[in-house]
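Take a look at the structures listed below.
In the two assemblies presented below, chain A is common to both, partnered first by chain B and then by chain C.
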Partner chain A sequence: MTTATLSHTHRRHRWRLTFQRYLGLTLNIFPPFIYILLLFYVPMGMMFLISFWKSGYMTLEPIFTLDNYITFFTSPIYLKTLYNTFIIATGAMILLVIIGYPIAYYLARMGPKYTYLILFLLIIPVEINFLIRIFAWKIALGGNGVINSFLMQLGVIQEPLKFLLYSKTAVMIVLIHEWLPYVVIPIFLSLRGIPQSVIEAARDLGSSRYDIFRHILLPLSVPGLFASMVLVYIPMLGEFAVPALVGGPSGYMLGNVIESQFLSAGNWGLGSAIGFILLAITLVLVALVIKIAGVEELL
Partner chain B sequence: MKALRTPKFWFAFYTYAVMAILIYMPIVILITFSFNDSTIMSLPWSGFTTKWYAKILARPDLLKSLWNSLWVALIVTAVSLVLGVLAANAMARYRYKGRIFFTGYISIPFVMPWLILGIALLVFFTRVGIQLSLFTVILAHISFDVPLVAVLVASRLHQFDPNLEAAARDLGCGPLEAFRLVTFPIIAPAIIAAGILAFNWSFDAFVVTHFVIGQQVTFPIWVWSALRFPKNLPIINAVSSIIVVVEMGLIFLAEWIRRRGAGGEEESILF
Partner chain C sequence: MPESTPGLEVRNLTKRFGNIVAVNDVSFEIASGEFFSLLGPSGSGKTTMLRMIGGLETPDAGDIFLEGKKITFLPPEKRDVNIVFQNYALFPHLNVYDNVAFGPRRRKWPEDKIRREVTALLEMVHLSGYEEKYPRQLSGGEKQRVALIRALILKPKLLLLDEPLGALDLKIRQALQLELANIQYEVGITFIYVTHDQSEALTMADRIAVMNKGRILQVGTPKEIYEHPVNRFVANFIGNTNLFEGVVKEIAGQDVKVDVPGLMELWGIASENHVAQLRIGQRIAVSVRPEKMRLSRVKPQKPGYNLVQGVVDDLIYLGVSTEFLVRLPNDQVVRVFAQNISREDELWSITWDEPVWVYWRPERSLVLADEAPT
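Let's turn to the complex of A and B:
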């Protein structure tokens, strides 16, 4: 055999490999690409489209109109619900950070023996059917529920605490239960990423425990804080099962309005429009957080 | 002894207290009251019984819903694993223009609120003229499980040395053979863990299912409608307790498999 034929075979072998590589890439990309296109992007596009269609009770006509958006922004009830949604989600978010930060701090900076076991125990309940967990809270919080009957037997209270169930408080308690792990973990990860040498340097230079927290740990954990806010705040704005089960009339949220437009009021155009308003608010918030977090990193 | 109560002690105390009250209390109450001999779930305790567990078997609607959830979740998991692993391959094993775009394209459904996905799919199925049924539920669940599998498997593939597969190819393996003999054994733990999570997501999915199911019933839909009737509550309680125990078992299994595969070095699949 001559060198010429060898290199020829070699070239053909390489060409075949390149060809197979492109074929492989194509076969890997297309099935998921098409599926997600047809069952995610096309439906999202359709929903956006019909939010501009003339729509009423059980009727939907392909005539362009802004009525659905106008209806939302001129109705005091919808705007009140938007406000409620904002208050509940923001209140729960603030409480989540206040409750979750010390836990993340403890796990990341105080060297407990079983860090990962504790994190794991924190995260397991997330995988339990969510409706079941909301139902469990209903048993706990109800007028003759476990917390009330326990407190009354102890003699701490005479009457059941009415505000525990069917209220904004109840929605917030369940949301905090649901999202606490998602707040703790990003903050934990960013706090753990801070090198010990930085802390020791500060200590050597005479910083107090408080100074170290205020000037090193807190600023450096800001990215984790923002990550947890994106992760948690967005789904909380779109919540509907929690307010439907434990919220009562005062805990009604935008998600409930959207659900009822689709499944009972039959006004799909309006429902889609409210869905997109929710989505738009969400996207603005994400953009804002990214912008602020980006600026923060520059400082 | 009092002098030993350092800040660390108080932080630990606080962490355990929050976990006990906010995370575990409702679950413990749920399981405890599934053995309570009363339809009213409040103290005082009315006596121990296992009759609610026995009554599960006398509810064909409940058993049917569990059966539906089970086979829906199995089909969803199988299809999602195939599509998700393909997507993960394209996200992590090839270098090409548009890789970042493709990664974002697959990941966006992952962060979309489920309520929005649910109504969008309801609009889609109705406009296209596909009758709502368990079939549309399967289609809907796949569209949120594929991104889940893709993200989890891609993160494992990123740690995989592509030269290993190239070496197998140089030594004469075909592309499928190289995948089967080299790549697959390495990513298998991630695939199994992703499969268990995908199954869990489908089995538990309420929000999306609520919109696309039509007249049929899966388990979360059964729970949702049963919650309106107080006499059902102890049975929901009992069946929920069983499912809590089974699901925790599955999560421990997934975690154990993943840790064995990763040599216990990286963090949990769950976060």
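Let's turn to the complex of A and C:
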């Protein structure tokens, strides 16, 4: 009897403690939670709902339908754009790693004096307004642009290179410029975290320079590599401003389709559906990266 | 001890970092199979020395010979020398097996040979079954064992160990000291062991080189270094000692009479090399180890002994022995160790503020040079 009462009060006491702690935590995160809920998840939920509504030019009826999704997956133009989006983002990502890794590598091996100077120089272009940056690229890549005039002056080419502007190439060039620091910095940080003594131990055990790169530096920088991929590849998939300004018809990306469905075609249902298709693909990719790299390595 | 072709010979080695001379014109020889210790305080140049022998630093002057072959400028991957690093430097992305197999794989050993060797070595250091574990899952002592066999598997002619036990706590350190000494005996590889811990060097090494400020002050067996330190630094660094500052009064053979102002005149001995340089009136220091001194309540009848009276300032009971701190008339406090052999011993009852006699045999006091005698 006494023990029962005791354990009962005890349990109640413990429950109250848990509740208080839970309440305290909830109150702490309440404002940001509400903020995200109201301004992010609620609109997203509404979009998700709309994507299943009957929708046409400037019309939207709350009648459940899968038409929007069917339209997307049966239209060759949309599928081609999806394919283009992947080609552009993947191509840019591969080139970003090819360009960014060596930069990160030399940054990590350099003395701290120059490391931060070069990091600073690398970040400065990103700080410039991105419209100005894109227009600067238009000037550089255009038919009468800096690059074409220069090459023609040299006599390397007779005609301006057409593929430089309004093409997939143009989109990739601008994307690479935009995202390079975000690729370099995570790789740089993971490379810099490798203790000198680990590299020395590898040398001591008979590693050539290539062995050290292949068996020590590369595997130990994989977390940084994956982090940069998550950080960069996913936003590139959703890009719309860059393809809109320098992509032309062949550099059209899914982001542009979504934008036009909302702003010019007035088909919110289809726009929402495409938005969620892109989101689903992105989530699958993130899940894949996390599965390969392990969550703890990314955080 | 060095044979006709020494295992390792270091000749006039010098290394500067900017204005700092880390290693200053150092020469020594190590016999094959020897357990050699470089002992010195931090900043004495011992790690730089080790890194030059391992090929991780390039000397500014001098040469290094491994079994008669000059290796001064060979890159580390080309020398028959391996290093056990201070912080283990295990590869965090590889498990224990792959860590140990790292060196053999770079040398393209067949996998079945690698498997045999790794298994045997893991067994030797009592880590069988740890193959799949990652460094972050190991304790400090386990990491150290892996680091050791990772370097040993290549069967180098010389193994360099840079304070390998520095980060471990006392019990594990003591256990590993014995294990290391046994392993060295078993594999017969020459070890150079860098440490700042004199007891570690005394426990394990066949010979010790005491370093300070980029120079080797003395090379000898633990006994030689402890019993016959060549100068004040060595005497102070290895074990405890009592130093008396004084002036040379008289020289008779190797016996030297020293006047310690305000205290006493005492007799000590100087080494043969040193005695030739001594002059009457020269300022010198005399070192007497605490365990070589005796205590007595009544004035001891020991003709020829050095004898002085003092007051017990403090005493520390240590179980096997008692450490007395005795204040002498010149206000200098000397340390005296006494074995706690019997409770009937008169020392048993000595306590604070009691006047006592401190006495020791003249040959227990060593007359020291300030610098290494040449």
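Please note the rule applied: the second predicted complex is superposed on the first by the 259 of 299 C-alpha atoms of A that agree within 3 Å, B and C clash if a C-alpha of one lies under 4 Å from a C-alpha of the other, contacts with A are read in each partner's own complex, and residues count from 1 in each chain.
The criterion applied here is as follows: a residue touches a chain if its C-beta (ideal position, glycine included) is under 8 Å from a C-beta of that chain, and two chains touch if they have at least 3 such contacts.
From a predicted model like this one, the values you see are computed outputs, not experimental measurements.
Aligning the two structures on chain A places chain B and chain C side by side, free of any clash. Contacts of A:Glu159 after superposition on the shared chain: neither chain B nor chain C is touched. Touch criterion met: A:Pro195 reaches chain C, while chain B stays clear of it.
Look at A:Asp211: by the touch rule set out above, it reaches chain C but stays clear of chain B.
Contacts of A:Pro219 after superposition on the shared chain: chain C is touched, whereas chain B is not. Of the two partners chain B and chain C, more residues of chain A are touched by B. Once the two complexes are overlaid on the shared chain, A:Leu27 sits against chain B while remaining clear of chain C. Once both structures are fitted on chain A, no C-alpha atom of chain B lies closer than 16 Å to one of chain C.
Counting contacts as defined above, no chain A residue meets chain B in one complex and chain C in the other. Residues of chain B touching chain A in their complex: 7-8, 11-12, 14-15, 18-19, 22-27, 29-30, 33, 40-44, 82-84, 86-87, 89-90, 93-94, 96, 102, 105-106, 108-109, 111-117, 119-124, 127, 139-140, 142-143, 146-147, 150, 169, 175, 197, 200, 203-204, 206-207, 210-211, 219-220, 223-224, 227, 236-237, 240, 243-244, 247-248, 250-251, 255, 267-268, 270-271. Residues 17, 20-21, 24-25, 27-29, 31-33, 35-36, 39-40, 42-44, 46-47, 50, 99, 102-103, 105-107, 110, 112, 116, 118-133, 135-137, 139-140, 142, 144-146, 148-150, 153, 173, 176-177, 180-182, 185, 234-235, 237-241, 245, 255, 258-259, 262-263, 268, 271-272, 275, 278-279, 282 of chain A are the ones that touch chain B when the two sit in their complex.
Taken in their complex, chain A has these residues touching chain C: 195, 197-198, 200-208, 211, 215-216, 219-220.
Those residues of chain C lying in contact with chain A across their complex are 54-56, 75-77, 81-83, 85-87, 89-93, 102-103, 106-107, 150-151, 154.
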